[in-house]
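Input: structures, listed below.
Presented sequentially are two complexes of subunit A, the first with subunit B as partner and the second with subunit C.
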Partner chain A sequence: METLNYRYENGTRTLAKNPQIVGVVGSGNLEVLIESAPLDGACTIEIKTAAVGFGAIWEAVMHDFHERWLLADARISINDMGATPAVVSLRLDQAVQTMLEDAR
Partner chain B sequence: MNAPRVWNTLEVNRAERLGRARAVLGNQMQGKALPAARIADLLHAVLECGDRVCLEGNNQKQADFLGQALAQLDPARVNGLHMLQSVLALPEHLDVFDRGVASKLDFSFSGPQAGRVAKLVSAGKLNIGAIHTYLELFSRYFVDLPPRVALIAAEAADRHGNLYTGPNTEDTPAIVEATAFKNGIVIVQVNQIMDTLPRIDVPGDWVDFVVQSPQPYYIEPLFTRDPAQISEIQVLMAMMAIKGIYAEYGVERLNHGIGFDTAAIELLLPTYAESLGLKGKIGRNWALNPHPALIPAIESGFVESVYSFGSELGMENYIRARPDVFAVGPDGSMRSNRALCQAAGHYACDMFIGSTLQIDLQGNSSTATLGRIAGFGGAPNMGADARGRRHASPAWLKAGEEARRGRNTIPRGQKLVVQIVETFREHMQPAFVEKLDAWELAEQANMAIPPVMIYGDDVTHILTEEGIANLLLCRSDEEREQAIRGVAGYTPVGLGRDKRMVEELRGRGIIRRAEDMGIDKRMATRDLLAAKNMKDLVRASGGLYDPPKRFRNW
Partner chain C sequence: MSSYLELSARERLQQLFDPGSFEEFLPPSERVVSPHLAQLNAPVAFDDGVAVGRARLNGEFVYTAAQEGGFMGGAVGEVHGAKLVGLLQRAVLDNAPAVVLLLETGGVRLHEANAGLIAVSEVMRALLDARAAGIPVIVLIGGSNGAFGGMGIVARCANVVVMSEEGRLAMSGPEVIETANGVEEFDARDRALVWRTTGGKHRYLLGDCQMMSADSVAAFRQAALDAIAACAGGPVELTLEALEREQQLLAERLARFGAMADPADIWNSIGMADAQRVSMLDADAFVAAAAAHRLGAP
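Presenting the complex of A and B:
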């Protein structure tokens, strides 16, 4: 197991109050919890992953995710069982899109 | 004065071979049929050392009884054979080399045996003439590699040697014709001998010997994909393919590769494509094996016709009940023909879309991996612009126009060749690489050129979960490289992109993301599949599709 933490400061968009859980904990998959939280405008991401040694890829995936959505006051927790970057990005995008629409 | 030249040595040689067979088998022959127990005697009698021998077997049906008999011959009596084979699929296909019965090989594909081919090559027991595409190999049978002896497989024969090859006719006509019309010997294994055949696929006077094999010939259900294994990423990529390519170009005539990526597209036609109003506009006429995953699209009226390389186990009754769609004979069963279908896929289709293992920065695409000599099969003919094509269609014209826009060239069309691939394969193997493994393999196996499946200059689009790169619109090698990097995700090749240039290419529509195509990623779930498992496919066929046991999980 490896734990990775990221924090992004320059977000502008806030999410609906109801948290979202997407995905499942299973081989090649992941579980994502996204919740609105008072974080001084930041977006924090904590990743617990079964696949050790992919920190550089996670950082790039999370950086792009933040650039795409610019979330503020959002806490994201990821339980990963070796999902590919494709699956990670799709799950996150699906959940965030739903929460942003709910926030309107 | 010189002796007059003899012009019929092949004919004389053929008569000698037949004479030896008669002498050995004598009164055990019934017309052209011999007992299965005497097959080794027949082969020892008709074969000569160094013969070119074509053993039928593709990735589907196999002349396995004859292949086993050949592998068990006495290498002291028969050796140095030059094997001609579409596919090396079974262990006995390599045993002939290991035992010294054969020494040379011209072939097309060796998927399951690729590792053993490489080992026998390095042990000096197998000398590869060349690796071909199917159509290329068949062509050589008629030019410089006519078989002296062909060992083929059919469903049934009558006592005159007429053959019924049924739905899985596949390579048989090409092999028999090349052999019979060059005074070669044709030996066929059949599942049964009948008084009256359902239809005659090969006339009896082209066939010399018939043997009823103890077991029906082996056949692999190669094109069956269980929808239960299709991932949401594959659904997303299928949505992008349909909206960003099929609809964009109005692709009506096409061929799909093998695999889950294209199975996902087939299963999205009656759902997603239908919702976009594309029925009757895309995916109407196919050069394709009877993929079970195509059943929902056929039933919904999307697919109008399918012409096949071979058949698919379990699809027989469904095909029989849909004669407007498939190539069904007066007897009610389908006939396939690999040579003709390969020609159809090359000349009559506007698009090929298929998966691969590695793509380099020029867009060259290869399935070669180290330590395995796997070959090509049909992909290079499907996935290549047909330079000899002269008839126009909207899809072909649009692709050609995009490639030539702004250039002072005479108008012509181009085939759409799409590589669809997730940026990472299993075990986080990147699908995008700086240098193909094919280079190292070429060096290891002493090949003249690296074994490339589809050359970069034939690839028009690369589709990944990150989006579509339209290589037709690139105007320099640098643009092309950045377009490829721009859909290569988080692989080292993708991370090495020039971000500013990639954004510029996106602005020009050379790179398109799902959101650029108006695709809502939340729709990318398995709910979009017209069938979610094998049972759904059976249901969609009205109970006519009968999947092989290994695919029955209910």
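Presenting the complex of A and C:
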């Protein structure tokens, strides 16, 4: 297992109050827990992954994710079982969209 | 109409009960995860593979749990089992009208060894305590992982087991039987044989399962409502008389069918017309065809 942590500033979009979880910790899949949290406007992402040694790819995928959504005061926690970058991106978008639906 | 088989545990909870009515106890944001998996350097899930809580069914709150087959085959670890026990105990405290368990599990999570085994036995005790308190327990089995091992026993402790044809219920899984007793005993790669032996239709004909459902969320929802209605007003606790009847049923089953090698032979012998076609019937047609022949019918 490997733990990776990322923190992004300068986000603007805040989230609904209720946490949401999407995905399942199964082979080639992951779960994403997304919560609103007071983080001085930052978006933090903690990843626990079974696939060791892919930090550079995670960093690129998380950077793109932050650029897409610009979340603020958001805490994202991931349990991963070897999902591909495309699956990770889709799950992250699903998590945010579920949150936005919930806020309506 | 959604296939029950293909949904995740959380999707089932959202779609089977009244929309938006599921209230989770100990949600993923509490992060109560397995203490054992991390020691083994294995991934954890924030809900340890089971969501528990209460949800409305036609307006009335019932207590419910759904196991996630996608996380370690729905296997029961220490936390997962404790959540099931807590749910059943809470149902007793709150005098819930019913408990509906959406099982999908290979049984004990072997990574957690004795803690998992103890957890499953505690689930059995809590389930029987709920029944003794007058709360009917309904089990739904329609996920691709079936209900096996200790949780297969838990299922049979319930008042009503509802299965789809695709659902499976047994103690040892096919691969376990083949590994232990050889391919002549059971060919785990013969999927038709596996489903003839452990699938919903055979369980219904043998009396291990009390209701059949088509593989749709709507059908399972209706079956859960029907099962709760069937229990209403009557005694729901497990009695010595009921156990003795069950024992007699099992003894008769062994005497009548013990020498038969294939479930189709059993279907022939109990008088299912055209037994070879049993696997082709949809749920309603099958229930109609089985009515006069199934064992253990009330």
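Just so we're on the same page, the second predicted complex is superposed on the first by the 102 of 104 C-alpha atoms of A that agree within 3 Å, B and C clash if a C-alpha of one lies under 4 Å from a C-alpha of the other, contacts with A are read in each partner's own complex, and residues count from 1 in each chain.
Operating definition for what follows: a residue touches a chain if its C-beta (ideal position, glycine included) is under 8 Å from a C-beta of that chain, and two chains touch if they have at least 3 such contacts.
None of these values were measured; they are calculated from a predicted model.
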TODO: With the two complexes overlaid on their shared chain, look at subunit A and say whether subunit B and subunit C clash or fit.
DONE: fit
TODO: Can you pull out the angle centred on subunit A between the C-alpha centres of subunit B and subunit C, to the nearest 10°?
DONE: 70
- [ ] Figure out whether A:Leu90 sits in contact with subunit B (first) or subunit C (second), or with both, or with neither.
- [x] first
Open item on the list: By the touch definition at the top of the document, which applies to A:Met81: first (subunit B), second (subunit C), both, or neither?
Closed with: second
Task: Partner chain in contact with A:Leu100 - subunit B first, subunit C second, else both or neither - done: neither
Open item on the list: With both complexes overlaid on chain A, does A:Ile57 touch subunit B (first), subunit C (second), both or neither?
Closed with: first
TODO: Answer with first, second, both or neither: which of subunit B and subunit C does A:Ala37 touch in the superposed model?
DONE: neither
Open item on the list: With both complexes superposed on chain A, which partner does A:Gly26 reach: first (subunit B), second (subunit C), both or neither?
Closed with: second
Task: Superposition-derived minimum Cα distance between subunit C and subunit B (Å) - done: 5
Task: Shared contact residues on subunit A - subunit B and subunit C - done: none
TODO: Spell out the residues on subunit A that touch subunit C in their complex, using ranges where they run on.
DONE: 1, 19, 21, 24-26, 29, 31, 33, 35, 48-50, 77, 79-81
Task: Complex contacts: residues of subunit A adjacent to subunit B - done: 51, 54, 57, 60-61, 84-87, 89-90, 93-94, 97-98
TODO: Please name which positions on subunit B make contact with subunit A in the complex.
DONE: 231-233, 236, 422-424, 428, 464-466, 489-490, 495, 520-522, 524
TODO: Mind listing the subunit C positions that touch subunit A in their complex?
DONE: 8, 10, 27-29, 31, 38, 41-47, 68, 70-71
